[in-house]
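Right after this note come the structures.
Each of the next two complexes has subunit A plus one more chain, namely subunit B in the first and subunit C in the second.
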Partner chain A sequence: MSLVRQTTNGIYNLILGLAVTVKHLFKHAITLQYPKERWTMPERSRGTVVLLSDTETGKLNCTACLMCEKACPVAAITIEREKNPETKKFEPTSFTIDMGICCYCGLCEKACNFSAIKLTGKYEMSIYDKSELIYDMDFLQKLGRDVKYEKRKRVVKKTAVKKATAKPKTTEARAESGDKKAEGTSSTKDDGDVKEKPKNETEEGKE
Partner chain B sequence: MFELGGIFEAIGKWLNGFLPPVWVTIISAVITGLAVLGFLSLLALFLVWWERKISAHMQQRYGPMRTGWHGVLQTIADGVKLLQKEDLMPKDADRIVYFWAPIICFGAAFMAYLVVPFGKGIIVQDLNIGILYIIAITTFTVVSLLMAGWASNNKWALLGGMRSAAQIISYEVPLSLAIVGAVMLAQTLSMNGIVSAQAGGFWHWYVFREPLGFLVYYIAATAEANRTPFDIPEAEQELVAGFNIEYSGMKFAMFFLAEFVNMFTVSAIAVTLFFGGWQPLFSFLGFIPSWVWFMGKSLVSVFVLMWFRWTYPRIRVDQLMNFAWKFLLPLAFLNIILVGFGIVVFK
Partner chain C sequence: MTVKELKTEEFMVNMGPQHPSTHGVCKLVIKMDGEEIKEITPHVGFLHRSIEKIGENRTYAQFVPYTDRIDYVASMNANHAYVIAAEKLGGVEVPERAEYLRVIMAELNRIASHLVWLATFAIDLGAVTPFLYAFREREMILDLFEMTCGQRLTYNYMCIGGVNWDIPKEFEPKLREFLKIFPSRVDDYEDLLTNNPIFLYRTKNIGILSKETAFEYSVSGPSLRGSGVKWDIRKAESYSIYDRFDFDIPVGYNGDAWDRYRVRMREMRESAKIVQQAIDGLPGGDIQTKVPRTWKPPEGEVFTRIEAPRGEMAYHIVSDGSTKPYRMKIRTASFCNLQVLPIIGINHLIADLVAIFGSLDIILPEVDR
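Moving on to the complex of A and B:
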């Protein structure tokens, strides 16, 4: 009797197995046809680092403040900068990121005040030689061309106001100079202000 | 109109018009041989692709997708790759046996098509002992597998060859006994005779006269074709690749081709013996060409074999032997007895 039961049970299970496989035969395949299809990466995914450019002028947002270089825990970022004689602002002359040692922590992006550096969802960075993993400025800019981003509002103004309000606390004279500065930035008398600044600092140091 | 049988007859008549009969025989033999060889090669190419697609979709993958539409040309690409490969031979191999094993394997698979009726009038030679001939010729496969396993000078290959010999000889017995049932019903060994005995609607098919015989035949045939769950001669996890482990290039391709041709052979025999061959489902569906019916039924049977493969796990060697001798063999005898009673009672 148990033999009959075993046999019928076995046949039932064989048919059950066939039913399962044929059910899966008509299900949709879940494979992603990789080079043809790609995942849409999440907005905040941390992949390749890129340098962002201004959408209007097309120039890099980077002001070469070196904050990202200092923030980088593995020292993957190397920046060389130069002061532009016309605008008197720093500009990066070379900006290299060694993606071979980058740990994708995203601290450079956090440190940047100018929305100049970002970790994107790009992940296809396979190359044949290790040295090609050191990305230079042009390449990083090229990578960042199609990256959408929201430009961070400048917090620098706020600190400037703070300085202006903080300085009058010490002396009235300095308050005047602070006012002068505020006026000076708008006018063409930039040179005078720059020369004054070190003087003030030296005075502060003496005090 | 779409019957292919007439075309062959017309060619024969046309050749008879201006050539001596000896030449006609030689030319028709060469032409039919090449036609069957070409058909089988194309069929094997298709079946390999089909199996890959079925296995892939049963596992919710896509399978080959790049070469051609949904990868239909993948097998051709693989074949070209195999042709380009170096033909290696193990250092201490038995050179002659090693060389002949794949040829005999493919030859045996190919020779079975001498008596397979593809449609009305499409049969190379309607031997009056057709089914006996098929049983005899397909058994050559076991010789070739044993030769390959022995000559490779490799323990896995030898184990695979031994296992295949044990398995195929064991399953040959219930297979032949299951065929006996159909032969008893048709009163003939000729393949065309068995087909025409099942004419006139699907209720005349022998699968409804002797379902037990069909079951035994189909299980034994799965084992004969070395298909899962009876594929212990080439059990990948135990024997790496079994008897063909040392073969490369074109010789490996011949084994591979023979496996798929064998699968179609057992399906074709199952269709001929139990599903009315090229006979239509109903007689009013006779306007569909007979070879379409035959191919359709055979491919459904091949699909079922592939379905088995991607559903069932491989059974153990001792279970395999127990199953053949203790279960299938008594069932086959029971089938013969039942068929005999049926013939006596209903005739």
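Moving on to the complex of A and C:
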């Protein structure tokens, strides 16, 4: 008796499962033929890191404040900078990102107060040699040419620049003086950053 | 000569390190008597990245991306466990909206994690179809994550003091759409598997984990609940805002592979219920409390734990008042859950070991850290 019951039960459930499969037979495909078709990456997509340039002057937005270098958890960013004798402002002389060790966390973008660095939706970066994954400044700038972005408010930028230039320091001196000094400048800058950011985002959320 | 007179001896088999059904790099050295398992010795450590030590060499904020890598299938929960610990250490208040967003993301990730488990568990047992369906639904969740934080696997979504990004405006309609269709999709999986005679044959009375053994080895999560213990940190030691939501803790009876399967299936429905309540009650406001960039929590130590999809995930952080933790200990569920495998796996056939291993839902990066 129980054997009959078991068998009918089993057959019923097998058919039930089969029915689910058949139901899906007539639905359209959800896959994408990759090289021919591509996903549109969402706006916030965190792929290749690029450096952004000013849309008018075409110069890099980066002021070589080294905040992103400090924020990076894997030390993928290396910046060398020099003071421009004319404008008395720092300018990056070399800016390299090792994409091979970058973990695409986005902390550099979060740390930057000058809308100078961004993670974009670009993801096709396969190469044959590992050394080609170390992107230099020119390449990063080239990558960032067509990236649309919203510049942070000028006000924030100006005050932040003042602070940065008020304490001229070389990379070594900053490194030697340890965390404490850097902390002072960073936390003041941070205020401007944090104030602005949640505002933008909450607005976005409410819309 | 009859079969009985034949001289037989036990022999050793290496299962792994590269074995598809170990879901990572785990080596099981199995002593076999014919087809029957007599002894199992798991060898772990292939994926050891010394994350705890890395944690001691990174600032508190910098460590968040690393937590993603502890449990890459449920990164949101791993993030959550860490930020809760750090916030408790520094006494940081989290805005209400951020708490809701955290719960939504953590529960969605729990569903995604269980879907990965379901897919791989089914495929281990030879059922390929649920694999495709489960990954299709997981894709919807990953799309939600991607539009919010830009990544599909390693989110780095939560930060100390809140969350990094607010949800975009497309998020809510998409989420509601998902919540609407998801229960019927779970019904589909259940139709495919739950009472399927082959599936039942492969999982019923296989790998029975008794309550006592589970306690002895501090098994946690759905594997523990499958043995009939109603223990869930979300209820027992409510963290974040879980006390505001109404949900059940599904439990099993026998503690076999099928019970663990049932618990996870029902947990997915419960999680969907929580997400529904959270999105309905989502308040406005800030998503982040200001935390200075070089944040120094006071001296002291904390221990916090959360219910991750695989069980209890706990952080013990000792601070010496500097920007980096002095000591960090991470307790992950998979490591403890793996320890019962040598006990519940013996006297089964080798094909059943795959089912038992799968039903424990172990993820190897979490075992090794």
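Simple rule for what comes next: the second predicted complex is superposed on the first by the 121 of 207 C-alpha atoms of A that agree within 3 Å, B and C clash if a C-alpha of one lies under 4 Å from a C-alpha of the other, contacts with A are read in each partner's own complex, and residues count from 1 in each chain.
The rule is short, and it goes like this: a contact is a pair of C-beta atoms (placed from the backbone, for glycine too) under 8 Å apart; a residue touches a chain by one contact, two chains touch by 3 or more.
None of the values given here were measured: they were computed from a predicted structure.
*Asks:* Considering only the touch criterion stated at the top, classify A:V20 as touching first (subunit B), second (subunit C), both, or neither.
*Replies:* both
*Asks:* Tell me the contact category for A:P73 with respect to subunit B and subunit C: first, second, both or neither.
*Replies:* second
*Asks:* More residues of subunit A in touch with subunit C or with subunit B?
*Replies:* Ranking subunit B and subunit C by residues of subunit A touched puts C first.
*Asks:* Is A:H28 touching the first partner subunit B, the second partner subunit C, both, or neither of them?
*Replies:* Only subunit B is touched by A:H28; subunit C is not.
*Asks:* For A:I101, using the defined touch cut-off, is the partner it touches subunit B, subunit C, both, or neither? Pick first, second, both or neither.
*Replies:* neither
*Asks:* Indicate the residue numbers of subunit A shared between its subunit B interface and its subunit C interface, in ascending order.
*Replies:* Shared contact residues on subunit A (touching subunit B in one complex, subunit C in the other): 14, 17, 20-21, 24, 30.
*Asks:* Given the complex with subunit C, which residues does subunit A contribute to the contact?
*Replies:* Those residues of subunit A that touch subunit C are 6, 9-10, 13-14, 16-17, 19-21, 24, 30, 42-46, 67, 71-73, 103-107, 110-111, 119, 179, 182-183, 186-187, 189-191, 194, 197-198, 201-202, 204-207.
*Asks:* Residues of subunit B touching subunit A in their complex?
*Replies:* Residues in contact with subunit A: 54, 56-62, 65, 307-308, 310-312.
*Asks:* In their complex, what parts of subunit C are in touch with subunit A?
*Replies:* For subunit C paired with subunit A, touching residues are 58, 61-66, 97, 129, 133, 136, 139, 146-151, 154, 156, 164-169, 188, 191-193, 195-197, 284-288, 290, 292-294, 323.
*Asks:* How about subunit A: which of its residues touch subunit B in the complex?
*Replies:* Its residues touching subunit B are 14, 17-18, 20-22, 24-31, 33.
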